[in-house]
Structure formats: structure tokens, C-alpha cells
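Residue numbering begins at 1 within each chain, and the chains themselves are lettered A, B, C and D in the order written.
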Amino acid sequence: MKKLINDPSSVLADALRGVELAHPDTVRVDHENRLVVRADAPRPGKVGLVSGGGSGHEPMHGGFVGRGMLDAAACGEVFTSPTPDQVFAATVAVNGGAGVLHIVKNYTGDVMNFEMAAELAGAEGIEVASVLTADDVAVTDSLYTAGRRGVGVTVLVEKIAGAAAEEGYDLAKLAELAQRVADNGRSMGLALTSCTVPAAGRPTFELADDEIELGIGIHGEPGRERQPLAPVKELASRLVTPILSDFDFTGAPVIVLCNGMGGTPLIELYGLFAETCDLLSAAGVQVARSLVGNYITSLEMAGASITLLRADDEMLRLWDAPVTTSGMTW
Amino acid sequence: MTSELTVQKFAAWMHAFADDVVANEALLTDLDRQIGDADHGGNMVRGMKAVAELDAADFANARDYAKKAAMTLIGKVGGAAGPLYGTLLLRLAAALPDDGPIDHAGWSAALHAGVDGVRDRGKASAGDKTMLDALLPAVEAFDANPDDAWAAAAAAADAGRAATVPMVAHKGRASYLGERSAGVADPGATSSTLLVQAAARTLA
Amino acid sequence: MKKLINDPSSVLADALRGVELAHPDTVRVDHENRLVVRADAPRPGKVGLVSGGGSGHEPMHGGFVGRGMLDAAACGEVFTSPTPDQVFAATVAVNGGAGVLHIVKNYTGDVMNFEMAAELAGAEGIEVASVLTADDVAVTDSLYTAGRRGVGVTVLVEKIAGAAAEEGYDLAKLAELAQRVADNGRSMGLALTSCTVPAAGRPTFELADDEIELGIGIHGEPGRERQPLAPVKELASRLVTPILSDFDFTGAPVIVLCNGMGGTPLIELYGLFAETCDLLSAAGVQVARSLVGNYITSLEMAGASITLLRADDEMLRLWDAPVTTSGMTW
Amino acid sequence: MTSELTVQKFAAWMHAFADDVVANEALLTDLDRQIGDADHGGNMVRGMKAVAELDAADFANARDYAKKAAMTLIGKVGGAAGPLYGTLLLRLAAALPDDGPIDHAGWSAALHAGVDGVRDRGKASAGDKTMLDALLPAVEAFDANPDDAWAAAAAAADAGRAATVPMVAHKGRASYLGERSAGVADPGATSSTLLVQAAARTLA
């Protein structure tokens, strides 16, 4: 395992020290609870936005804390959802009296830990609403499964809900909007290489030189299917086709996230984005906004994911609203 | 089967479990690497090391100690394992009698409460390839073998763990793999087996 | 070789298509000449800023085209400096009558191609000044060598000169400032893995699992020395120490760039940045501003570089000025 | 030694060089991978393919053709090789006589002009481990062997190329490697050898 780390057990603490030193104007860091908190939180009268999850997906979530996006991120160990104590501390830190929205990716651990935190917050008289993202079409959804994973749409929910909270949406309206965004997004990802969890010390899976994993999540978990490597034109179609067969993206403005998993260079992501646009245009999908880059990653994994959001005018307006975070600024 | 319930006894169980988890960290992580996200070993070690640091002398009775151990897991572990093991211990603690004699029925009630807690929290069923596939047979064997309850439970947990190997996961992270989740033992069922085995060594 | 590409020969053209689709508001793309040009160029009366170089270093340079930074980037093939024709076309495209500044990294090819382009532009009556970046302390500088490579400081020159051009600096003043920034910056990089040039199809060098290359540039060329892997605290010192022994960074505000080579995740870069800050503070260096992320990369190489710039009030003011590009925005 | 200078003759040289570059792309890239940045093969192929696409019929004389070939290299190649080979051909073209008979002195003057162009452009000297280490001995051998000038030049270029193997580079990208640049032939000296060898096949 080759990493710029001191020790597998100190990766998160070391990184948080760096985050604090790098972004003193935007955020403060609670090292004990491993929180990245907006520098000016809590903001009286504004709904607080809290997300969080395992680390290793940077810039998500800590890099999305700031004006127009999250108020706090609870940082779990690498690929391990944060504890209820952390999420509770984040909730208290950003509660400005108007309640707090939890943005939770649908993983068993995340859901349980955020649920318990919401109970703790409720017991302290803080009103909490939760939105669940579950946009990964690689996973079959049924009553008898854990449901779909929350992946790329989480970034879009955080941006759009963040702008709405800044505008003064109340908790109920904000939760409704955020869930609407989550429900109208779909994603699909693939990996060219595995990542290596520092504590595990070896790659989570092994791929031959001509193989990809299709339908991977963001925790280095293997995908649904191993397939032969192919030109990016073909790979784009393996991502876009299942998304389009899962949900109707025609007849509305669509926001596209062409996301790198961490180890894929930008020059390749732009190529993937071009192919994706070709496929969408052939399918009659109208790309209204787009984002190309590393936003929700799996450590150093090479690969990419595509997320489509069926937007509306409200979402577009909030998408365009200013945002100032280390991971996303306009 | 009647024994004494004391803080020391309960703490001995937790220490034995902590030792086993530390000794098996690489195994737990490697199972999770194959069908999950490679953190179960680290999660359990982080949590149980913190539990092992609790000073038994600080607690009035086993119930309080167990409750604190539960809160420690919840506060330290995260992931799926944190809330599940935390809830298991929290419910088990609440069902414990006061320190003093505890009989087979007393332990059985506590174990049932704990395992029901896991079921409530995680909404999984037998056969979903989770820790329940070790815990449910363990409790069943405990009930069915009043004379040798802990040993029977430990054996049943291990058999349940082994039975998860061919299973296709329906809950937890391994479920994302679909059919490809078959062929590897469930990490949580494996750590749960260590928990029951530690009980058999310390509580029998 | 596992890459999200169609063909080694189409990587750049495909990526430029994606850039055009992703950033229509900020830039336009000249596909024939492989230029990324600011959407509103040329701006009458403003000095035009042109940089460029081989591709594979994204976001540099195309991602730095926009308000407050470059007016155009000439994109060579992967790791191959652009041709004089390309640089000349870029120069013409951004000439608003106040002359054009070329920002050139010190590589034999880049220097020669930009020189020839400047001659062509001069022949057309366009006034061109050039600034050369040569900040890599890994390379011995002498009369008999090609001199130091231009690396991380190039990003800082582009930001600071871009803001100055926006403010209305004339060509002479701009060139003086830009060269001053270049001369006051020093960098050092290391690699944990090699990158693979698409056309070569195999890694440029091979490292054992416990080895790093110290003193690498940005073209996948091997470094000066192979060393054992070490904790990031130690690696930070192997980067910072030679920088500090080369140039005095005390007694002035310093801008720090903690840069990823492309394949190193942010969580590690923040850890490296924290260690770097510790070392700088122990050495009495005052960190006034910082930037952590992937800014000047080598395809998918895992590794990082540290750049220090001995700044002054003028540079800090220009550093803080607004910038709107896909690679850097504030 | 006197021969005819025609567009066709000059174009034959360029086509032969293009063929050799294409055939040796992997070698050139691999040499550059070891002591440079792995693009010399691609650079030369891109440039010489474009040169090979020029239609000899479009040009009035060899000089014009050579000038266009030079501009094509400058416009297509980039890197260090583009300006260097471009300048080589541009200066060589300027020194060519009109189409018609060209003798040993005529070719020698043209070659000297071209190689001096490389030296002016790149400011390297003999022994710096660059293309000059093939080109300079080639021109010298050409001059010294009026009867068998091209063959002698080709042999000298190849010997010069081989002599770059142990050299430590002082110019170009390989110089960043310091001592570690020794042990591999210089990519540009290797492609330059192909250029002179192609001349020996087509111009002799």
C-alpha cells in the first residue's frame, strides 16, 4: 500500500488538521467530534444542513461546507459512517433555531447512525428532518433488500438544498425540496481499478488489465458485474443506458454530474463527458447544467460515475445560486 | 445452570471479546473487503478497545457497565456494526437482573432482548447473511440446552456463521453484490460468533 | 493500460469537446488549433495572457482560462509542448491591442515553440513579452544544463498575473510582476506511482511497493533519486527541506501550493499539507495563503508537490482578487 | 559524386524517413519513456505522416518542398523535436541549390546549414546526449568521404547514436535525470540516425 499517510489510524485526524489550516475563512474543525463546521454557524433563523458519512469520498462532505451548501459535515472513519454522537454534535453546532436537515446516503450504517442522532437531537428539542439519497441504479431496489445506495445525487442535493436554506426555506419546505431532488436523480458508476482502504492495506478487489467493474458504489465494494474494458464511447453507454431505462429524463432540464472516483485524470473525465452528452442528445435529453470533476470519490480509485437529475426551474435557480466551499464555488 | 452476575464477570466477557476481535482484526477486515468495504475489523477493534478501557470499578452493577459498553460502541464504531452491537448490548443490559444469582432463564431473556434489538434496528431476517445468522441460532441453542447453554450457543453461532458462506446477502453492504456475495462468510456473523464464544469462555 | 479513452490519438480532441460542452459560459474552444480561449476574448485594452504546454496536466492550463486568469491556453499533445502555430493562433485570438504575455514553463520544447510563436506574432505587429517559470529545485541549474523545470509556480504566476491584467497593468509592468513571481517561487515533487502516457501504453517508470521517486517533474519523467517510502511527515520534509535550503522564505508572507499529481486523493493531500505547515512554522515561515488540491498534474500519477512563493503585498492583493475558471474560482 | 536534385528525390527521402519513423515508433517512444516523457515516437510519427501527405507535384522545386516539410514539422510536432527538426529542414532548404545537378559540396553545405540550425535553436553541444551526437559525426563523415558520403554519414550517425548510450545528458528532458540518464540511447539521436540512413537509401 502506497499512500501519503502517517498511519492508517491517523489518516482522518491528519486530514482534518490540514482542512483546518487550509480553509480558516470558510470552516472550523471540531477535532474531538471530527466535524467540519461552517465558520459562522449557527446562523440564527436559518435551517442548518448536516451531512456526513465515511471519509475517503473527498471533497464530499467536508469540502461542501460553506455558504450556500452544508453547515456541517460529520466525518466517519474511512468508509465508515459517523457515529450518532458525531452527527448529534454537528446538529447542535448548526442549530440556529429553525431546525436541522440531515442529508443521509442510503447505507444501513448511515441510516441507523443518523436515525439515532435525530432521536438524540429530538430529545434535546431540536427539530430534525431527514432526506435519504438512493440513486444508484446498479442496485436492485426491493422491499427485501437494503435498497439503492446514495451516490452522486447527494452532491446535487447538498448544493440545491444549501442554496434553498440560504434563501430562507423553512425546514418542511426544505426537506420536501431535498427529497424531491433525491428522488429525481439517478447514477451509475464503474471502476478501472480498486481503491485500497488504509486499514486493510491491500486493494479491495483485483481487476485484470482488460477488466472493469460495472455498477460500483463509492466504498470500493465490487460492482455487480465484471466486464471487458472498452473505449470510453462504449463505457459511457454502459453508464447512461441503465440510467435512462430506469427513469424518464426527457422533457425537463437535466443537470449532469460527470464524476471522477479519485484516480482518473480530468482529461479522461472530459472525454467521458463528451460521450455522455452525445448519448443524451441522441436520447432527447436536454442538458441544462453540468459539473465535471472529482466530487464524490473512492480514495484513489480510477473510474467514474454519471448522475442525471431531472430538474425544474426551482432547482435550476437554486443550482445557479452562489456557493463558497472548498469543493465547489461559483 | 445458575451463576453469579457481577460487573467483573460481565467485564471479563467484554475483555475476552475484545481480545478475540483484536486477534481476528485482519480476518474480519478481509471478509469485509471481499463482500463489503474492508472496515469491519477496524470498526470492531476501535469499539472494543474503547470498551476494554472502561474501569469495571466505576460501575455499580453489570447492568450499568453493559449500558456504558453499549454507549461506547455506539459512540466509537459507526458503520452498521456500531448501532447494531450497541443496540444489542443496550437491550441486553436493560433486561439484566440486578447483580447476584442469574439463572438460565435470566440469561435467555437478556440474550433475546439483545438479539431482538438487532432485529428491530437492522430489520434483517434469518437468511439475509448478517450477524443475525449467527445470533439467532445461538439464542435458540442456548434455550434448548439449559445444561450446557453457553457451549451450545457458541457451537450454534459458529455453525450459523459457516452457513452464511453460501448465502446471497439481502441486507447490508454485501447485498449490493447480489449473487457474487455468495462464497464468503459474513463479517458480522463472524464477529458475532466471537462474541458468543467469548461468553462461553467467561460466563459458563 | 486502463484509461477512459477512445484511442491514444484522440485523447486531447475528445477532452476538448468535453471542455467546450462543460464550460460554454467561460470559454470557447478552437478545435483546429486546440486552444481554450476565454469566451469574451479579445478584451480591448487588456493585455492578453497566453500559456500552454503539453496536455495531461489538467486543470493546467485550459482550466485556468477565464476572468482573472488566462485568456487562452494552447494545448499540446499529451506531455508535448504545443507548436508555434498553436501559440501564435492563441496570441492572435487574445490580442486586444495592449500586447500579449506568454507564460512559459522552462522545458526545451516549450521555450523553443513559444519563442518561434513570439517571432511570428512580432512579425504581425503584436507585442509579446514572455515570462519563464523554472522553480523545480530537484533540478540543478547551471549554464551547461537545460535549467530548472517550470512546475507549480506556474499556477501562481497565472493567477497573480491574471488578476493584474484584469486590473489594467500594461505589458511591461505585467511581465515584470510575472517574472518576479516566477523568480520567488520554488517547488519540489515526489511520485508514489508512475503515470502512463496513452501513446506509450505502459508506465513511464516502475516503482517497487516501498519506493518513491523524489524530485519528479510533471511529465512522468523519473526523478533524481529513488528512495524508500516513509510516513507523510518524513515525505513532507523531503519536499520542504530542499526548498527552504534553496531560497529564503522567512520574513515575508508565503503562498503555499500543496498540489496533487492526479492520482492522490484529497484526504492524503490535506495530511501532507498539515505536515508541511508544521515544518514551515518550525522554520519560521509565515503561511499567508494556501491552496490544496490537484492543480498541475501528471495524468493519473500518485504523488504530490509543494510550491512556496515568497509574496509581497501586491502579490497577496492580486492573489485574493476574484477569479472564475473551471479549475480555480473565488 | 554528383546527382540530380528533384522534388521527387527529396520527397523520396522524406517518405523513407517517414516509413522508418513509423516502423520504429515504439522504439523511439520507449527510449523516451526511459529517459524522457514517452512521446518522441508519437511526435515524429505525427509530424512525418503529415510530411508524407504532401503532394510532391504541388512544388516547383526541392527547396520549396523542403521548406513546406519543415513548416509541417514545426506546425505538427511540438515538443523539442518539432522546432529542432523543423529548423534543420528549414535551414537545409534555404541552402539547397535550384533543382538540377547537386554535387558533394552542395549537399555538404545544405547539411551544415541544417545542423547549425539545430545547434542555434537548441544551444546544445556535442556530448550533451542529443540528436546532435548523431548529426555532427554524420556531417563530418559526409565531408570526409566524398566518394561514399551518404553511406559514411549513415554509419557515423549510427555510431554517434550508439555513443550516446553511456552519456549523461546535459540538455533536453533527459538531463533532469542526471547520472541516471546514462545507459539508454538518446531518442532524438536515434531518430536522427534514421533520417541520415533514409538519405543514404534515397539520395546516394
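The criterion applied here is as follows: a contact is a pair of C-beta atoms (placed from the backbone, for glycine too) under 8 Å apart; a residue touches a chain by one contact, two chains touch by 3 or more.
Because the structure is a prediction, the values reported are computed rather than measured.
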Hopping only between chains that touch, the fewest steps from chain B to chain D number 3
Which chain's mean C-alpha position is the greatest distance from chain D's?
B
Distance from chain D to chain C - Cα centre to Cα centre, in angstrom
31
Centre-to-centre distance between chain C and chain A (centres being mean Cα positions), rounded to whole Å
29
Whole-Å gap separating chain A and chain D, where each centre is the average of the chain's CA atoms:
54
Of all the residues in chain C, which ones touch at least 2 other chains?
78
Among the residues of chain B, which are close enough to touch at least two other chains?
none
Quick check of your reading of the touch definition: is the inter-chain graph here a line, ring, star, complete or other?
line
Within the complex, which stretch of chain A touches chain B?
8-9, 54, 76-86, 107-109, 112-113, 116, 138-140, 144-146, 149, 197, 199-200, 202, 204-205, 217, 219-222, 224
Listed in rising order, the residues of chain C that touch chain A in the complex are 1-7, 11-12, 14-19, 21-22, 55-56, 58-59, 63, 78, 192-193, 207, 209, 212, 229, 231-233, 235, 258, 262-275, 277, 287, 290-292, 294, 297, 299-300, 302, 304, 324, 326, 329-330
Residue numbers of chain D touching chain C in their complex, please.
29-30, 33-39, 41-43, 46, 74-84, 121-122, 170-173, 175-178, 180
